[in-house]
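Both complexes shown next keep subunit A, but they swap its partner, so subunit B is in the first and subunit C is in the second.
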Partner chain A sequence: MAVQLTSEPNAPAPPPDPGRRRFAVRVAGRQLLALPGVGWTVLFFLAPMALLLVYSFGSVNLLTLHVEFGWTLSNYTQIGQALYLQPIVRSLALSAAATLACLLIGFPVAYTIARASGRRQALLLLGVMIPFWTSFVVRTYGIYDVIADNGPIYSILHSLGIVHGYIHVLFTQYGVGIGVVYTYLPLMILPLFVSLERIDPSLLEAAGDLGATSARTLRRVILPLAVPGIIAGTILVAIPATGEYVIPQILGGDTTLLFGNVVSDQFEDIGNYPAGAAMAIALTAVLLIVLMFLRSRSYKAEAAVA
Partner chain B sequence: MKLRLPRPTSVFTGIVMICLYLPIIAVVVYSLDKSADLIGWTGFTTHWYSVAFHDPEVRRDLLTSLEVASASTVISLTIAVCAGLWTRGASPRARRIFDGLTYSRIVLPEIVFALGLLILFSKLHIGYGVWAIVAGHVVFNSAYATIIIQARLASLSSTLEEAAADLGANRWRVFRRITFPLLVPAVLVAALLAISFSFDDVIVSQFLGGTSAEPISVLLLGMIRLHVTPEVNAIGTALMLITLVSFSTAGLITVLRPTGAGHLLALGRRAAE
Partner chain C sequence: MSVSDGHGSPRITRRAALGRGVGGLAAAGSLPALLAACGGSSGSSSPAQSGGSLKGTLVLLSYPGWYGPKEFADFAKLHPGLHVKSEVSGTTGAAATLAQIENNEGAYDLSLGGVPTAAQLSQAGQLAPLDIAKIPNLKLVGETFRKALPWAIPTDFGKTGYAYRKDLVSERPTSWHDLFALAPKYSGKITMLKYDTDIQGSFLKALGYSVNTKVQSQLQAMQKQMLSFKPHLQAILETDYSKGLIEGTVSIAIDYDYDVAAAQAHNHNIVWVPPTEGMAAYVEGWYAFKSSKHLDAVWDLMNFHLEPKNYASFINYTGAAYVEPAAEKYILKRIIDDPALRYDKQNLARVEFEGYLGPEQAAYRAKLWEEFLDA
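Up next, the complex of A and B:
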């Protein structure tokens, strides 16, 4: 990598002879600055990913846990089995539903913040960000406290007579869904806010003056201009939500496992590294495809807005 | 400016805000509640804090977290400052590749590269522990730090540095006397973020700690999964304070002095994870 980085196509023309060597040394010295970052990435990010890829084509003796390397695709075809397919489908469905929920909840909030004036706007933004800054595990545990079978929400609903008997949310996929939406909502609100704030208020006034109803203004003016924000928010919510590992552990009990949990089980409990590696690679591939699709849409949307 | 602002959206925003704080308030309230079951308010006590404080496991894991956080922060910042300086003279093509590497460290699910590192360390017979966790934390912490430092450097004009060079300062002196002092606020913000992410991380910490090192976040997750006691709420409140204080300080520095953190804010995070 370092070699490639040194061959700068745009490097300025070398000065005449005496300075030439010193210049070359200086350029090489400059490039050394990339080394710590590139080195760490190669050693502790790219190499592990490459190892996963190699492992995913190997096979394991489940008695001795000895891994044999080879070119078998069985680890990948195995993912198609219901046992593994179910958590994958569940992860994708949950991620899609949570992203949609974040969008529906986040849009009015982002709109309100974008239309608020100076100080109020700063306070509201801070209000959205503070929960996001507090410890992730603890926040998720706080949801556990709140949605527990005899927790405060239940008590309120019960004393108001809205709910009779028990409702179980904790340790179901709805509990996990609530956790995911709660955790990632700020990541949807922020980019939505950025794109909504950029909208010139005179555009909305013009739409109103020309007789458009609020609903029509929303649909024909605000929404199209918010598309880049919607896509950015979707990337920030959907990608990590699909790979979510901690929230189902706390809020899902042992019943609502997601893809990330099944992958780690292959490593921790079963010891089938090749199968786990194949799942991890498949997860990464799916996410990369989603990411690239969203990125290309986002470039188009940016171009359309500009 | 004033539009026909549909009032319902303001009301809705208020409700969402309350919901955002409900779990946090619940943890704090339960940590101060006398009763050991989460059945409602039975009286004020700081008993659970002293239980947590005197728990040898909690103390040991807190120290482990501190070690991991400080080591990964120092390494991440070194990487980020070098990367930032390199970026200024890099060709657009090299820069694109470099940035791709930076962003992919943030975007790809942590669980994937954590498992890759698990295999790597067992293959190399390095074993797990504090340094294995540090290696993993630096992967994402250095990425966030790099983005912040790059953004700050991009907003700096090079006139001061050129002037210093013209007056005969060598490159190291220019860096030490001009560039670095201008970078200090951004470095501080990046450090505070790195410390928070390190303290907060579960996945890398859990997989790479092995039997010898357990950070506080992993202990907490284990306690939550096995037996729920008010002690958990007390540790949780303390942990929230640590992350909240460092994030707010970072925010304050950003407001007072220009750093690249605004750029990161627009990018968002998982972060968290």
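Up next, the complex of A and C:
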């Protein structure tokens, strides 16, 4: 709508443009539709994060557990202690290894689904998503039984004569790794599938016609075009895996302390909310930096694909 | 009156672990339910009952599924119009429970908790002193427990010892030092429960120190002993303490008395060891909040709970170690005869209750615990 900066007393106002008004109403309507989502995010994500940030500069009376708000940095400086740095390093290493494993396992799966068609593709996708129909904790306990010392994997390997001695996976870092990969694998497969499905089959045919081997086609055509999916999958897996504390508790037997467990202990067992908040904020900040880096790479990759 | 459990799905608590103590082998809570079905009905001969004069809603903060279906229903028969609502304390940690109370001041009339929580709340001025005249059944509770938990009516207690599989362990250990000596031989076949005060207390007892010591050198010795023991651990368990023991993937488990008693029902090769050096123990009970507007009803409910028949019904349901010998004639024989659970003066003599050590000591011990986990 035109804005009239000056008005002449006797000049008639221009008639409203009905088309523009309808457009403005439609835009406003669309914005209104976003309100519940925005409100939800503000209320249950931004507000708690803001609260955590405020808490992180406070101090706690460990007798009454009353938090006194202030501007102390001591909660942040203590994160530098070896006691907390080691769990951070372990968490990041676990996250990196689990993400890489998810990528290596997930890529062929996603490619197979992307190349399938019709009902077969739908069935394969369903297979990937079915684990999400079960509660996360129940799934983790399911893995617990599978990798237990006398569980089905051990029994099968033993009966086939592949394993003669004793293998112990549950309550080890390998057990935690298996649990994390199993839990987050679908989050890697789905974005990869979206990227791979978009690849025009004629590009692959062209590569073949030009004499490229399968390996070269994969390296020079498929992988570059799948980069947005790889980045999206990496973000979806690496971020929650870094703060993971339930899987290490159930499958790791708590013999290895991860940063998620340290944060949880601060809130639940010690009652030092400001320290727990500072740790959570620090971890979020690290992840945010990683996220921003990956997003910038993703934008560049998408632009290149376009 | 009706009983409603609180909301949300709580994390695994020490109490909830009782129901899950038999791991995946039995559905959570099925054993207590069975015991409750076998147990006598809770009577309603509360001497302090005030008929139907008490009205309103009593809110009890407690563990999930910790009371049988008749616990409050029978109380309701005495007090039509009085509603007891059992809210769930949502987490394992004592600090989180305290925070829940702090953040919801006035929301609860009474709560279940141990010495550290009650003492901390008392020091913070939140608890109402017990009106003993209105809880005459309190005198039926063993004096040891009343002294250990003066802010509350004691309801149950637990000891930390260890258990072993006699078919997998050729030796017959009886002490903490026996366990330490056997650790290298059974390395990787030993588990430990994850509850800092109980484990630290056990290692202190093993070294001949008080569970509640504040002496730096003794705490350092404890930490050294714990760190040297850790490499032999298969796991430090938040729940399902005895699952491996039942299945045979674990030979020795540092565990609670009640959990071992429940596990023995599934595997008769499991042997409970109350170590000769002594045991760290917790006692817990109901305490009332100063902010409650229904304190008379709270005292009446407490007295009702300690009525021998009612108390026996509670013990038969939970399978916990009992604090009221007067209720023995109504308690299941299985519990009374269980060496881990019975009211045994010899056992009690070995027990030292965990106290509240103050915020600085609590923080220091928490840090030692984190260092132990991180090692």
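Here is the rule we go by: the second predicted complex is superposed on the first by the 248 of 306 C-alpha atoms of A that agree within 3 Å, B and C clash if a C-alpha of one lies under 4 Å from a C-alpha of the other, contacts with A are read in each partner's own complex, and residues count from 1 in each chain.
We take it that contacts are C-beta pairs under 8 Å (C-beta built on N, C-alpha and C of every residue); 3 or more make two chains touch, one makes a residue touch a chain.
Predicted, not measured: the structure shown is a model, and the values here were computed from it.
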In this superposition, the partner of subunit A with more touched residues, subunit B or subunit C, is B
Using the touch definition from the top, say if A:Pro201 reaches subunit B (first), subunit C (second), both or neither.
-> first
After superposition on the shared chain, which partner residues are touched by A:Val262: those of subunit B (first), subunit C (second), both, or neither?
-> second
Report for A:Ala148: first if it touches subunit B alone, second if subunit C alone, otherwise both or neither.
-> both
Partner chain(s) touched by A:Thr134 [first = subunit B, second = subunit C, both, neither] | first
After lining up the shared chain so the two structures overlap, which partner does A:Phe69 touch, if you call subunit B first and subunit C second: first, second, both or neither?
-> neither
Touching A:Tyr299, do we find subunit B (first), subunit C (second), both, or neither?
-> neither
Identify the partner contact of A:Tyr273: answer first if only subunit B is touched, second if only subunit C is, both if each is, neither if none is.
-> both
In the superposed arrangement, which partner chain does A:Arg30 touch: subunit B (first), subunit C (second), both, or neither?
-> first
First (subunit B), second (subunit C), both or neither touched by A:Leu283 | first
Which subunit A residues contact subunit B in one complex and subunit C in the other?
-> 141, 145, 148, 150, 249-250, 267, 273
How about subunit B: which of its residues touch subunit A in the complex?
-> 1, 3-6, 8-10, 12-13, 16-17, 19-27, 30, 38-40, 75, 78-80, 82-83, 85-86, 89-94, 97-98, 101-102, 104-105, 107-113, 115-120, 123, 135-136, 138-139, 142, 146, 196, 199-200, 202-203, 207, 217, 220-221, 224-225, 228, 232-233, 236-237, 239-240, 242-244, 247-248, 251, 265-266, 268-273
Please give the residue numbers of subunit C that touch subunit A in the complex, ascending.
-> 24, 91-96, 98-99, 102, 120, 123-124, 188, 191, 194, 196, 230, 233-238, 247-249, 358-360, 362-363, 366-367, 370-371, 373-374
Residue ranges of subunit A touching subunit B (in the complex, touch as defined) = 4-5, 8-11, 30-31, 33-38, 40-41, 43-45, 47-49, 51-52, 55, 105, 108-109, 111-113, 115, 117, 124, 126-146, 148, 150-152, 155, 182, 184-187, 190-191, 194, 201, 204-205, 208, 214, 232, 236, 239-240, 242-246, 249-250, 260, 263-264, 267, 273, 276-277, 280, 283-284, 287, 291
Mind listing the subunit A positions that touch subunit C in their complex?
-> 61-66, 83, 86-87, 141, 145, 148-150, 168, 170-171, 249-250, 252-255, 257, 261-262, 265, 267-273
